[in-house]
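Across the two complexes that follow, chain A remains constant while its partner is chain B and subsequently chain C.
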Partner chain A sequence: MNIADVYKAETVKECIKLLAKHKETKIISGGTDLVIKLNEGQIEGISLVDISSIKELNFVKIEGNTIHIGSNSTFSDVLNHKSIFPKSIKGFVEALESVGSPQIRNAGTIGGNICNGSPAADSIPPLIVLGAKLTIISKKRERIVDIEDFFLGKGKVDLGSNELLKSISFDIPNEDSKLNFYKYSYRNALSITLGSVAALIDIQNNIVQDIKIATGGFSAYCIREREMEELMIGKELNEENLNYLLNSAKKIVQKRIETFPNDFKVLKNITIEGALRHVIR
Partner chain B sequence: MDKLNIVGKSSFRVDGIDKISGRSIYPQDIKLKEMFHAVTLRSTVPHATFTLNTEKASKMSGVVKIFTAHDVTGKNEHGVLFKDHQVFMDRKINRIGDPLALVVAETLKEAKVAMKEIEVLYNELPGVFCPLEAMNEDAPKIHGDSNIIANMKLEKGTVDFSKCDVVVENTFKVPMVEHAFLQPESAVSYIEDDKLVVISSTQYPHWDRFELSLALGLKEENIKVLNAAVGGAFGGREDITSQIHVALATKTLKKPVKITYGREESFLAHSKRHPMTIRMKIGALKDGKITAMKNEILADSGAYASWAPSVLRKAMTHSTGPYEIENVKVNAKSVYTNNPFTGAMRGFGATQVAVGYEQIIDQLAEELGISTYEIREKNILRIGSKTGTSQTMYNSVPVDRCLEAVKKEMEIIKKKPVNKDMLTGYGIALSIYGTGYGNGFPDVSSNIAKINSDGKIEIFSGFTEVGQGAKTVMAQIASEVFNTSSSNIIINCEDTDKVPDSGTAAASRQTYNTGNAVKKSCEKLKDIILNLAQKELGLNNNIGLEVKDELVYLRTLPSMEITFKDLFSKYKDELSSKGKFVAQTTQMDDLSQGAPYWPYGFNALGVKVEIDPATGRINVVDGVFAQDVGRAINPRLVEGQMDGGFVMGLGYALYEDINLVDGEIKNRKFSSYIIPTAKDMPTLKKIIIEDPEETGPFGAKGIGESVTIPAAPAILNAIYDASKVRFTKLPVTPIEFMKKFGNKYD
Partner chain C sequence: MNIQTVINGKKISVNVKNDMRLLDFLRDELELTGTKEGCSEGECGACTVLIDGSPVNSCLVMAFQIDGKEVVTIEALDEDGNLNIIKDTFLEEGAPQCGFCMPGMVLSAKGLLDQNSNPTRSDVKEAISGNLCRCTGYTTIEDAILKSAKKLGGKNG
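Up next is the complex of A and B:
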């Protein structure tokens, strides 16, 4: 491990000051991804800004119809509030429960999961279909970004070196909607996502009134799948329409991975089909 | 048999508190004054000649010395059967991961930085990675003129399938897999009173001492091996690794040296399970009686032989399963390739072949139109049966009882509700495992029992506690003889200077072999004590003298007593006794007929699986496991082995595969090499079947390997039951399942 310096911030104010002052820094909180990269020498020579003690960023609260989660909340912190979450965000809870192991959920934070920009991040697809907004702060300004627009490439996010993700907010979906999530993985714990899908669906009389779909692991980053959504809106939920969606979804995904080896293409076909079957219901 | 007081009770593990409280000392935990740190430079290509330039690296900050083949002070070779490994490579690289040099520096960081500065120039040679191709005459040769290490045959009766009413055949492919023990290799060495001391985590300290003496050019009496706590082994610690390098460095530098592998290096350093291609053909009469079986086995030994002939022999002799078959023919080969080397792993060849014989017998039952239970009931070994090697089963053959117990429980399991969204299936498997090195090889355990100055019983024996519970079992055997609590027995097993050789913690042999030696020495010591007590108490004879809680008393007049401590004060030198046990096996003839192993252990397993038809995710959700143990010395430890063995077999069936590309392990991390977790494990009902083995200590047999064998075939049979797809290649990952199920993705 090769680190230049470590700065510890106790408050948001201290943190954005440190970020403004020092270039070439990485923010660390749970460290479940960053420490591995440091140990393996994938990241070298940078300074760390440790935000793990910033208590004001560790919260889960419901204000009116909106849920706010502080970026420094661990997966376990959020899951401890499970009982106050409405049923309509069940898939968000399931996504957090599918993260790693109890030890990883106790250390890893939701802010870290988002800012890593991993295409396989478990918490992101549900947050995309919930239309979550990210509040980002720097010494100069505070801004709000749609989570969907936050991801720019594999591991690349819309966050300046002087900026800090403060919180994640989303509106509770209406009572007729349900949020389904499926993570396709090899085993039942400590498993890396092969592909995941979140769908926020409103079904009335077996007709899909509205649907939002987001995937992880089928693109360079987690994305909203509008093309897939349009194939289902207004349609009856039957095997024929579902099969049409599944076949189209495979084509959509295959287009993105044209240059990849055949084994990988087969894997993605199987995972998108299996995961979609689990969430469109 | 007399009533037993300690044997059969689930005593708490002797090493339990230390293990769960973190007090156990592993080599990783040891820090000595002025200790140097070492790292190993390993080859990155599979087949090449090479030159090294260490000039720049040796001048780096903190570097003490860089060791290469030139610095080996004894013979630059090692190996459990053949000396085909080198301490450091001097001629030719045979696999990715061969050790080229050892950088010793003042700090670990300096050693790592310097290692990057060693220049390696490879002159790559064509490699061979497929065992079938490796047998071609023009294939690149790994060692010598031929890549074939062993070519064995077994013949019993005359195989003639035209006499059978039903014949089925299939080819099974089992992958190379990793032991995945939790504690990676680590070793520390230092000099103490002119003696070289090596601390490591090994399965056989006395063998390590012998190999060190050859490679270092030292006499064995000038080396002491101390076995620290061992974080799992499963066969992966039988071939020497890190300890030979630190020992050489300490011998030369006269300073303590430590080495610890990370997970990725651990994947590279030790052996793997032999991948095998197993072709089986089996024939039966209309009534279900199996009359002929013909098997062909091809095993990939990788770059080194390790235990190749022994593993192959076990695979060949066990390929008929726990069944009596009149006519058998088997051909088995093991070959060198440029893949990672394979060797001992839980089941030692017997695990691989069970994937075949337990599936093909289900296929046969289907062809015959009889149940999977009926076909087994008709063919299993019973008292008086003869195995494929014509060995007579004369006692303790409770295969029928194992099968019956599983059948009964599976009826209950089948009545439980099923998940309608899932494909549900049920499968069973039986297995057989013969204990010991076998084939007439002298399989010896030695032991000394003594009374110490506190009047306590001390056991001295070179067995190793690798997690299987050997320390607890030996203490229970000794305490049974002396009628005292097992916590009063002092076990010494870690120091080669103090304890006699008791062989490897391998081949499921410690409970049976060393257990017998411990029992013998304790019984002899008890006789000595009774005779001395008779003398001290002024009695006419020793009739009616009993021992209990470290004293001797007269049953008819209990106040007439003398403590072991008092006896020690007078007869110190007499209170010691040796015990030795040699297992009875014979060397087989040219057609592999004979009595190669003893005793044999059996089991039966039934499982329920659920398969998600949308994703191919397979979960084992219920199961029942009946295990023959002869007699359970410690039932809770037996159940622990059953759970552990099952989960290892579960990984074999569903998850694990060393992903090789031109000899390179691509998934050498636990994030990419998938082993089961607690959440993948069903609640398993465990039934211990007791049918005492006449020659075992209190009737006990070893079960360490047996418990892992039936898991994979039972799961595969259940997958077939659920999906009607027969998987012959492991592992059945969700992707592999979906490719075959419905043929949608081919």
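Up next is the complex of A and C:
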């Protein structure tokens, strides 16, 4: 392992000062992804800014109709607040509960999950369908980005080296909507996600009034699946319409992974079909 | 980097290398070799320790990150004796075989029992879901944790 310098930030102000002053830095909090990469030598020679002690970024609060989560909140910290979350975001809670293991949930943070930009990040598909907004701060300015626009490529996100993700905010969906989440992995605990789908869905008299779908593991990063959504909006929720969606979804996914090995394609076919079936209800 | 930390109830001020994980710091610098290195990627739980009371994988934490925090390893003789009761009960129930996963299992158990004195079997299964055992299977381990809860004063047992 090769790390240049280590800086500890106790406050947001300290952190953005450090980020502005030192180049080639990476932020570390829970470390559940970064330390593996450092240990395996995938990342070398950088400096680390440790934000794990910044308490002001560890919060979960509901203001009016909006939920705000500090980026430094661990998955367990957020789940400790689940009793105050409305039923309409059940799928978000389930996604967090499905993360890794108790040890990973005690260390890993929601901000880290987002900023890593992993295609398999469990918290992101639910946050995309919730229309979450990210508040990002640097020494010079503060800006707000739609989470959907934050991802630029596998492991690439719209976050400058001088910037820090402060918080994640989303509005509580209306009472008629429900957020469903389903993920495929080889086992219940300690497993990387093979594919996950979140759907925020409003069904009235068996007609899909509105639906937002986001997937993880079916693209280079977690994305909103507008093409899939359009196939269901205004449609009756019956076997015929659902089958049409599932077949189209498989085609949409297959187009993205044309050059991949066959067994990978088969796996993605099974997981997109199964996961969609679980969430569209 | 100089850090102030508490390891197994003892306050220490120490210099840690930038490139050292907590696991390596515990084993190589403090010679607390009860904490085991398994997979080194957070998938086996053998290196589990408690940081500020919560079970975490010490292979995924940098040593400098425990500055201002409190760490408990399997070597701790904690003030309330809970850890010793859990250890003894694991032996009574025949939970260890090769023993490699035991330090992590016992600390995940302590993490659970410190928060929840009356766990159900399902709570126990969830609490040790990040700890792999490849010898005994998990039944005797679950039994040991449930029995520990009873000994420590819970009602379900």
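Simple rule for what comes next: the second predicted complex is superposed on the first by the 281 of 281 C-alpha atoms of A that agree within 3 Å, B and C clash if a C-alpha of one lies under 4 Å from a C-alpha of the other, contacts with A are read in each partner's own complex, and residues count from 1 in each chain.
As a convention for this text, a contact is a pair of C-beta atoms (placed from the backbone, for glycine too) under 8 Å apart; a residue touches a chain by one contact, two chains touch by 3 or more.
Everything numeric here is computed off the predicted structure, so don't read it as measured data.
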> After superposition on the shared chain, which partner residues are touched by A:Asn65: those of chain B (first), chain C (second), both, or neither?
Replying inline: neither
> Now for A:Lys8: first (chain B), second (chain C), both, or neither, which partner does it touch?
Replying inline: second
> Thinking of the overlay built on chain A, is A:Asn243 touched by chain B (first), by chain C (second), by both, or by neither?
Replying inline: neither
>> Just to be sure I read the superposition right, which of the two partners does A:Gln103 touch: chain B = first, chain C = second, or both, or neither?
In response: second
>> In the overlaid three-chain picture, which partner chain does A:Asn269 touch, first (chain B) or second (chain C), both, or neither?
In response: first
>> Looking at A:Asp50, would you say it contacts chain B, chain C, both, or neither? Reply first, second, both or neither.
In response: second
>> Just to be sure I read the superposition right, which of the two partners does A:Asn188 touch: chain B = first, chain C = second, or both, or neither?
In response: both
> On chain A, which partner's contacts cover more residues, chain B's or chain C's?
Replying inline: C
> Which parts of chain A are touched by chain B and by chain C alike?
Replying inline: 101, 188-190
> Which residues of chain A touch chain C in their complex?
Replying inline: 1-6, 8, 28, 30-32, 35-36, 38-39, 48, 50, 52-53, 76, 100-104, 106-107, 188-190
> What residues of chain A sit close enough to touch chain B in their complex?
Replying inline: 101, 184, 186-192, 266-267, 269-271, 273-275, 277-278
> If you look only at chain B, which of its residues touch chain A in the complex?
Replying inline: 612, 614-617, 619, 655, 671-672, 674, 676-680, 733-735, 738-739, 745
> Hey, which residues of chain C end up touching chain A in the complex?
Replying inline: 1, 18-21, 40-45, 48, 51, 54-57, 59-62, 64-65, 67-68, 108, 111, 126-127, 129-132
